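Note that the chains take the letters A, B, C and D in the order they are written out, and that residue 1 is the start of every chain.
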Amino acid sequence: MSADQEKTPEARPHRWQMVIDLDRCTGCEACVVACHAENNIRISGAQEAAEGRAINWIRIERYWEGEYPDVKAKFMPVLCQQCADAPCEPVCPVYASYHTPEGLNAQVYNRCIGVRYCGNNCPYTARQFNWFDPHWDPPLQEQLNPDVTVRQNGIMEKCTFCVQRIRQGKEQAEREGRPVRDGDITPACVQSCPTTALVFGDGNDPASQVAQMSKSRRGFHLLESLGTHPAITYLKRLDE
Amino acid sequence: MGASLGSRYIRITGLCGHTYLLFHGRRHMNRSGWKSFGILLLAGTAALAVGLLYSKGSADSAAQDRQPIPFSHKFHAGQLKLDCLFCHRSAHQSPTAGVPSLKLCLGCHQNMDAEKAGIQTLLAHWNEQRPVSWVRLQRLPDFVYFTHERHLAHGLQCATCHGQVEHMSGTPRAATLEMGWCLSCHQQRGASQDCLTCHK
Amino acid sequence: MKQGSVGWNDMPAINRDLLAPLSPGGRGYVLLVVLLAAIVSAGAGAWIYQIETGIGQTNLHPPIFWSAYIASFVYWIGVSHSGTFISGVLRLSKAEWRRPITRIAELMTIISVVIATLFVFYHLGRSWRWYYLIPYPNQREIWPDFRSPLMWDATAVLTYATASTIYLYLPLIPDFALARDRIGGWRRPIYAALSLGWQGSQQQWQALNTAIRIITPLIVMVMISVHSIVGYDFGMSLVPGWHTSIIAPYFVVGAVHSGLGMVAIGLYLVRRTYRLESYIRLEHFDKLGKLMVAMTLTLAYFYFSDQLTVWYGKVPDHMAILHSLMSGTFAVPQWTMITLIYVLPLITLTIPAFRHWPLGMMVIGLCINVGMYIERMLILVPPLAHPRLSYNWSDYFPSWVELTIMAGSFALAVLLYVLAVKFVPIISIWEEKEGHLHGRESH
Amino acid sequence: MVENHTRVGLLALFPPEADMDTSRRRLEEAGIRQEQITLLSPIPLAAPNTEAHPPFWPYGITIAAGLVGIGIGLFFSAGTAALYPLVTGGKPIVAAPVVGIISYETMMLMAVVVTFVTMILRIRRARDLTVEREARIDDGRLALSVRDIHHDQEATVRKIMEQAGALDIRSVSADLPLLEGQPSAHVVGMLALCCLAMAGCSQDMQEQQSYQSQEAPRLHSPSGSIPRDSRTVISRETLAADRMSDRAKELFRINCLPCHGESGEGTGPVAPYLKQLPANLRAPRVRALSSTEIYDIITQGKDMMPSFLGELSADERMVLASFVESMKPYSLPSQR
């Protein structure tokens, strides 16, 4: 396939991966806010949020365990798992959803016509749809990230692992004539996590932190039985 | 691209500046052929009208090179042999090539005999500290990620995409700047054809 | 040459009877058309509103990305199976009783395929970009992805729409020629163009009959494939309630079920309105009723097999859906559906006397269709509402925009039918004549 | 061939009981060829008729069309891979079951459509074999059309028809008026093309709300803020290595050459248009300057020369200054 002929400075292509340590996650939602700010995610407002239409590329799923008063809240950040065998990709009739050579499940916004099949076929409900045109009360539109398209109504969107940051990181490395180093690239959620529960890096680099951590004995994948081979490894909580 | 496909396709450029490729195959037209041609024309106009309703019409894509000051690339780049990068200074270090500041224009022009009307206007702008609102002619849609820096770093010449402006009095679009045009060059030069290379 | 004189002498009467519906309608007809047009424009207005503001005008929300529009699409594709089944399968099996009802059913096919296609456009987030689904040389240098079941669907529906239009048109050619000769006014040139210069010579009859003979088995195969592929849209996905291998045959049988119900409604209304009692006889309702019993039993069998497998397997993801259907959120529509499409038809249609009661047959047809509409919604919504990560469980009911568009489309279907009846002889005249003759000869 | 006006067609209406086979035989005995005779009926007649036509014609065409359809299906479902190389991260974009399904549908489509078109052509061709249409057949009659008869034969044919029990016999001139029913397939085709003309006219997301480069400023940056990617400054120590590098030459070519000329003698292409002549960088006056002083001139400007403070970064100016300093002294006698 042409993917193998991709010309990157290094011989080996990247495979972007993330590790989420559930033991460190406090459910503070800093990642959610950072993601909104970085990726121009439309602000839905209270009404739409109540209708279940709030768009979040990363969300903190909260599960309650036990009976009152012995209740425990467990948090799990869920974002697009960037599956290696993603169910969302082949069902797109227009190639808006496809697999990049670096293992991302990409969404090309201006190709999308909004059939929403990918949304149905994502077992993680990670894909979001723009039900209306986005709107920002002035002067909030001034904080929009010019490197990320503002999605209009009628198209699907999802976590990109902050592909604009990946692109910048790779360009900077190329400018300086060196390979991308571990830690050069951090998606907004990873950068903002106060407990460093999220770790991002190149899984093909055996020395990277993400490759080391994903080998942990606590590691598991979300809905592993479906065979989607996610790029995100969760680490179990220690009390389990 | 036109050259590589020219033999097989007819190229039709629509009102919005988009190019369509049609298989080239003319048949003998009889009377009812002309009748259907008339219907085609009518229906085509209707279809275009509907299409235009949705196109908010970006002024720059089809705009004529009518600048507030009659600037000539032919003179500056051709006769004076100024390098493109002298004015479009950020092309080799940033995604955008940039338009020269008034100060850069004045660097030369305040030391010249200001006879021409255009130069008078330019000086007037400078004296009033009012920027010149140049009309933008070369523009990609905002959902496209394009960087001049990477393209120059890989040895592309300005003229490859923008044409030989040193021979043009105006600066019309030398290329369609459409996806197929970008892709064909990426294919030829073995550059990445991953969608996310250019789509953001 | 053997011509029973009785049959041949019937012909002027048949012409008169069957061309009569083409005469201009009265005040009631105009009133009906105006009323339907009003509902259609309401639907169109709702659609424009939805395009202008966004798909958010529906009540969709994650994880329910498909619902009323796709359910309606599936339903209308299902209704379209009336024509091909009645006309295709019965023509193949040379069932004589099909003659007066084929045209009524085939017209339903075309109109419901058109309506179904409309629902695809209602559903698209950016419907003005629909042409991304067509493979043609373009400046983007990219074609659609045929791996997507939706592309299979698009291809299949295109084939089906084309084939069934042709299939409706073929036996119409001699009838258009008759109408050309007998009906004046503005319609004459149209009939003349559509009759392709038909004269009734033996070469022409042979060409027509051969074409019909070839196309009939083909269209039956297309019919089975098209609804299977509509089923694959669901079956190919990972969604728990959808990912089942029975879904394709289940969809096909369900489609025929609602199609037959629709034919019962159409038969009753056409017969009553145009006093065609001597053509659409009680015998037809009886035979239709028997077919409907067979379909009800087949569908019930598929349904039972599917749900039994789920229930016995006890896979939690699947059980969540089954619970919500049997006793949870969706219990009321679920049991209504079961009553309407299984229980009521089985109770009534198995009684021979009932099958000879046209009004009753119409009511059962109506029940089946309402039930099948609910059934399509229930195939879509409960599985989507119960994704594997239970954090995202949800609920759904159509919004007023969705309901208006659905009502508008329904009105459009009726309107098209009502208009078509004034243009197309609703009973195939030459086939009816042929049937009369064959009938006389065999008796 | 005999001229048209000497030949006529005869159209006779018969009751359904009429024995058409006998009449036909008698006509043939009278010297009328088979293909001149057509029998019109309101329903297909089961009786075998003697009009010759190959019975197999449509099946072969249908099968051929189906095969072409399979080809079309293959082309479309595998076309993207063949025509447009797509990057799909190593995932296959052609799959056998998919190709099968698409080819099945296109096969059916082609088979049905081509059979239909063949039938239309045949119906329309058969039309020319009949003198004229006879509307009264639909009331349960038969009609016999004998076309292209010579005047001499007309009476014989009429007689045979009358004997067979014709209800009415019409004589029609042989040059027939054109019948209705012009196919308008290409109109439909062209309308379909028009739909394609809409392609690409919508401009969704082309203009973003976010602040884009080369857009007029909306807000001023807060005072005291620093641009995110300010250009780096390199220390003087590293300059020596860089001194004669390509970078310096490139910077000189872009920024200095227009006025100072390629060799630095102040004879650049812009020079003739200026009020004064630019400095000769090889003149002793310039040669006497240190690189720091040259740096200052580049930064601040001098006389006519504009300041390059905003245009070049500090290290770029430094590189340039070193480059100018290293230029060889002017060797020709004239001096500026």
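FYI, a residue touches a chain if its C-beta (ideal position, glycine included) is under 8 Å from a C-beta of that chain, and two chains touch if they have at least 3 such contacts.
If you're wondering where the values come from, they're calculated on a predicted model, not measured in any experiment.
Colleague: Using the touch rule from the top, work out which pair, B-C or C-D, shares more C-beta pairs.
Modeller: If we tally the C-beta pairs in contact for B-C and C-D, the bigger total goes to C-D.
Colleague: Rounded to the nearest whole Å, what is the centre-to-centre distance of subunit B and subunit C, using the mean of the C-alpha atoms as each centre?
Modeller: 52
Colleague: Roughly how many whole angstrom separate the Cα centroids of subunit A and subunit B?
Modeller: That pair's centroid distance is 36 Å.
Colleague: Mind checking the centre-to-centre distance between subunit A and subunit D? Centres are C-alpha means, answer in whole Å.
Modeller: Computed from C-alpha means, the inter-chain centre distance equals 38 Å.
Colleague: Could you say which residues in subunit A touch two or more other chains, in rising order?
Modeller: 2, 6, 90, 95, 98, 100-101, 104, 109-111, 148-149
Colleague: What are the residues of subunit D that contact at least two other chains?
Modeller: Touching at least two other chains: 80, 84-87, 182, 184, 195-196, 198-200, 202, 204-205, 208, 210, 212-213.
Colleague: Would you pick out the residues of subunit C that each touch at least 2 other chains?
Modeller: 126, 128-129, 138-139, 141-142, 144-145, 147, 151
Colleague: Does the chain-touch network form a line, ring, star, complete graph or other?
Modeller: Drawn as a graph, the chains make a fully connected set, so complete.
Colleague: In their complex, what parts of subunit B are in touch with subunit C?
Modeller: Residues 9, 18-23, 54, 176, 178-181, 183-184 of subunit B touch subunit C in their complex.
Colleague: In the complex of these two chains, what residues of subunit D are touching subunit C?
Modeller: Within the complex, subunit D touches subunit C at residues 16-21, 38-45, 47, 49, 51, 53, 57-59, 62, 76-77, 79-80, 83-84, 86, 93, 95, 98-99, 101-102, 104-106, 108-109, 111-113, 115-116, 118-120, 122-124, 126-127, 129-130, 132-135, 137-140, 143, 145, 179-184, 195-196, 198-200, 202, 204.
Colleague: Mind pulling up the subunit A residues that touch subunit D in the complex?
Modeller: Residues of subunit A touching subunit D: 1-4, 6, 40, 89-90, 95, 98-104, 109-110, 134, 136, 139, 141-142, 144-146, 148-152.
Colleague: Can you name the residues of subunit B that touch subunit A in the complex?
Modeller: 141-143, 145, 147, 150, 153, 190-197, 199-200
Colleague: Going by the contact rule at the top, pick out the subunit C residues touching subunit D in the complex.
Modeller: Touch residues, subunit C against subunit D: 1-3, 5, 8-12, 15, 126, 128-129, 131, 134-136, 138-139, 141-147, 151-152, 155-156, 158-159, 162-163, 166-167, 169-170, 173-174, 177-178, 180-182, 189, 192-211, 214-215, 218-219, 221-222, 225, 229, 430, 433-434, 437.
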